[in-house]
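Before anything else, here's the structure in question.
A, B, C and D label the chains in the order they appear, each numbered from 1.
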Amino acid sequence: MNVEKIRRDFPILSQTIRGKKLVFLDSAASAQKPRVVIDAMREAMETQYANVHRGLHWMSERTTDAYEAARDAVAALMNAPDRDEIVFVRNSTEAINLVAHSFGRGMLKPGQAVLISGMEHHSNIVPWQMLRDAHGTELRVAPITDSGELDMAAFEALLSDGRVGLVAITHMSNVLGTVTPAERIVSLAHAHGAKVLFDGSQAIVHRAIDVRAIGCDFYAWTGHKLYGPTGIGVLWARRELLEAMPPFLGGGEMISSVTYEKSTWARVPYKFEAGTPAILEGIGLKAAIDYVRAIGYDEMAAHEASLTEHALARLSRIEGLRILGQAQDRGGVVAFALDKAHAHDVATLLDRQGIAVRAGHHCAEPLMHRFGLDSTARASFGIYTTHEEIDALAASLTRVREFFT
Amino acid sequence: MNVEKIRRDFPILSQTIRGKKLVFLDSAASAQKPRVVIDAMREAMETQYANVHRGLHWMSERTTDAYEAARDAVAALMNAPDRDEIVFVRNSTEAINLVAHSFGRGMLKPGQAVLISGMEHHSNIVPWQMLRDAHGTELRVAPITDSGELDMAAFEALLSDGRVGLVAITHMSNVLGTVTPAERIVSLAHAHGAKVLFDGSQAIVHRAIDVRAIGCDFYAWTGHKLYGPTGIGVLWARRELLEAMPPFLGGGEMISSVTYEKSTWARVPYKFEAGTPAILEGIGLKAAIDYVRAIGYDEMAAHEASLTEHALARLSRIEGLRILGQAQDRGGVVAFALDKAHAHDVATLLDRQGIAVRAGHHCAEPLMHRFGLDSTARASFGIYTTHEEIDALAASLTRVREFFT
Amino acid sequence: MTFDDDVRDLYQEVILDHGRKPRHGHRLAAYDVTAKGDNPMCGDRVEVFVKLDADGKIAETGFEARGCAISVASADLMAETVRGRGKADTRALFETFREMVRTGKCPEHDAGLDESLERLEPFAGVHEYPSRVKCATLPWHALVAALDGTREASSE
Amino acid sequence: MTFDDDVRDLYQEVILDHGRKPRHGHRLAAYDVTAKGDNPMCGDRVEVFVKLDADGKIAETGFEARGCAISVASADLMAETVRGRGKADTRALFETFREMVRTGKCPEHDAGLDESLERLEPFAGVHEYPSRVKCATLPWHALVAALDGTREASSE
């Protein structure tokens, strides 16, 4: 993979920040956008924009085609059996909330349980708490080990009473980098009668996702982390589930017919897409998908594995620096704490060198507390990240620690 | 107002469609985007993009500023008392669903009623049906007159038993063009103890909206109709209501703290904005707002009034053409039916002349049925629409009718 | 180009004519199977009535339709072209027709369909308007539903 | 520019020093009012303890904090600069300080605050980092809450 060539595809990477070359190590929060994405959105607005579906005029037909082509691209990306199983939402968070409402309230019974893990993002915790409080389901949490992996024995034990109706679990932790054993999770869950939702927000950026091979029931992710625009996310779900689930939001586009007494719903997936969708964002997302597929997941994964290995090696040599998580199978995010400096101060000092990292609880408070911390700094990598950037981070961190000692 | 100058701000308007000059008369479905909007989004992606809030690094701070500046711009646009009363959502539809969930399920009691009107868009019907079916509220419909205005006597009568907890009503019909008497509606509703939500999806494009002067409790609209991008909409609500309402979607950004037992919510409005928001879309929306405010609502309203008057005069001279709605106070949309031709055929034939109109039920089936129709064609106007374009429409419609006779 | 030139390639005379004056646009006095088709998105509605002969082949088709010129003309030409066909044969014609209105091109097909497809060819122009493809196919959905013994079809 | 040049304008010596070795970073043996401040977004937490004199003026302030250098240094310099101030006076200093860390400029203010503001001036650089303004203001929120008799404050 030619990283220098890829970097030229991202206009922002030539920016200087405070007079320094930008070193962007915050891709797990949101990735930068290649020119093809920027151009796709611009071109749509300049040449064919109109609202989609039922337009009957040229621009509406063209825009509908372009928007629906995004659905095909997503289906192909995830190896979904059926394009109609792709529901467009705003982000992963909305995808998970959709499942919590339509499947949770609609198909789980009070007394059944939802099983999450100890390394979830708030977006895969809070919707299940809200479901618990509104609907009377139980919320169970499968613990993680000190190395930051799912405790499989405990996980299985929590399934054993057969009351778990849904396992909702991250496919890759945004803090620990841990990739969870998806197939194994599915086979255990299914054996105990539970459906499985993966929060793939991070995983889709680092791995080729094949929902058929994984065998899960729901898979959620978010466009802006996969080099696409904000405002669009994806829920994939098995058709029979989508058919059976009541709708979530009501309004235009999601109906088949409306009278005051009773409305009937549009066919899947439109039943779940109320109102004018994120049209331009769908078009941008398709460009992003085409872009990453042209590079290829094998290439991307190899690049990120090499970056991650390099980062772990470099950072672990820094005195007083503690890395969170040592999973065997891990993706390109590294969260760490310095003994002498608070994560906020670390992030600010790095910023003054032009190095962008994130600091805080990374929307994973319970996970932070599991490791006895309130916040960490986190460096995360994208296809445009270089080994030199990681060297720059390591060098700066050494200075930061000296500065605070 | 210099329409020719304005037209040059919209790159798409110089397109040709099927070798004809584009005549875009479908702005009520979604408006075209001026260059400033396109550029604002492009520039954000090229120079400073990052995720918002808690970024701590330069780009995240800049992007947070830009995104939050959109909130200020919206608050100023609507004369909202407090910027924290602006909640960003995907579109009007989500805004109304948010109210149906958080206010409807959260604060209305089963047995209370929601009062809508006979000229609502599906997005302001279906959420209240779903609330009725899930929560046991009643759904009442205030009839409209033959001229397409709200029947105020009937409206008041439907309030009189004091059981209506919420009036949810359009501020401007997307089919009839009718602008409803907002202040009068509010004073009647409040006198009977009901809160008021306006669906301002169309009104905000044609009128300066002053939520303080109107005195309502909720106001919903959608960015893509106000020359902004797709993927972003606005709910304004009184602070005390937002404070009292439980959250809608759960996840990142909307929390204050999270433990498995209990989470607490971020302050208003963030409590209602779960997950990574539509950042680029907020930035685009701000550019759109700045653009229309620079032109000025007085100018826009005068231009549209003149276009509408011209259209009504020209179309009513066409034999066999029936215009829906003759409200005194009306905005720039004109729906019509031809005796000899189905609306779909009309739209397709116009398209072949490069004229884009919409045909169908316009997401307002019950309203169509009220007038004994299944579908109509609809021409709708924006700031870039010219009198000549309306002449072209009228001339073509005459030919269409001949063609089918 | 004149107005007529612009529109005639899509609304060919045969479509206009059958749209205006359908030959089979009536409920049959006696019929064996029937079904309704509904396109709630645009309010198109069609009801077909089919009389079968002793071999189970289509003897006659009538319909009542409310909709655009394309859906009415399509129903009328359908009634004409399915006469004498059995169930499988009708379905094969429908599939080929549907492919044609979707793509604008006639796909490979059985020689036995040749003549009928030629008759239906004026609908090929509809492919330019993906959202109107369902106008052309709705009556066919209803017909197939009737033959299958289903009472309702939707061409959403 | 060296690393130090880049960071010293924000983390001036006084901030580093008070962040590392706060003079008032302890619970008072005896105090009249107290409150907690919480910034759940970043996990910063501070608890302030205030001893008042006979006139109701601040005699002494102590605190226990967990947080970044900026919040700890801010708490410490706050403790130093509010000594001898009454409630209104403390609030006025806080408002001026807050404006300064938000904008980087010291707003018009009462002459009586001059000396204290000079002491607090090193925090002006924080305005470059809007998301860290709350680090600097959290202890002040807690102090004002304590004086108001509220037990908890949040600087979200």
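Here is the rule we go by: a residue touches a chain if its C-beta (ideal position, glycine included) is under 8 Å from a C-beta of that chain, and two chains touch if they have at least 3 such contacts.
Fair warning: this is a prediction, and the values are worked out from it, not measured in the lab.
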| item | value |
| --- | --- |
| Pieces of the assembly without chain B, by contact | one piece |
| Chain of greatest Cα-centre distance to chain B | D |
| Rounded Å distance, chain A centre to chain D centre (Cα mean) | 38 |
| Chain centre separation in whole Å, for chain C relative to chain B (CA means) | 38 |
| Between chain A and chain C, centroid-to-centroid distance (C-alpha), Å | 46 |
| CA centroid of chain A to CA centroid of chain B, Å | 31 |
| Two or more partner chains touched - positions in chain D | 41-42, 129, 132 |
| Set of chain B residues in contact with two or more other chains | 18, 54-56, 60, 255, 257, 344, 348, 351, 359-360 |
| Listing of all chain pairs that touch each other, if any do | A-B, A-C, A-D, B-C, B-D |
| Residues of chain A that touch chain B when the two form their complex | 11-12, 15, 17-18, 22, 24, 26, 29-30, 32-33, 37-38, 41-42, 45-51, 54-60, 90-94, 96-97, 100, 121-127, 129-130, 139, 141, 222, 224, 229-233, 247, 249-255, 257-260, 262-263, 274-281, 344, 347-348, 350-351, 355-360, 363, 365-366, 369 |
| Complex interface listing, chain A residues touching chain C | 53-56, 60-61, 64-65, 255-257, 264, 266-267 |
| Sites on chain C touched by chain A in the complex | 40-42, 128-132, 154, 156 |
| Chain D to chain A touching residues, read off their complex | 1, 3-4, 6-7, 10-11, 16, 20, 41-43, 66-70, 129, 132, 135 |
| Chain B residues within the chain C interface of the complex | 18-19, 341-345, 348-349, 351-353, 359-361, 368, 374-375, 396, 399, 403-404 |
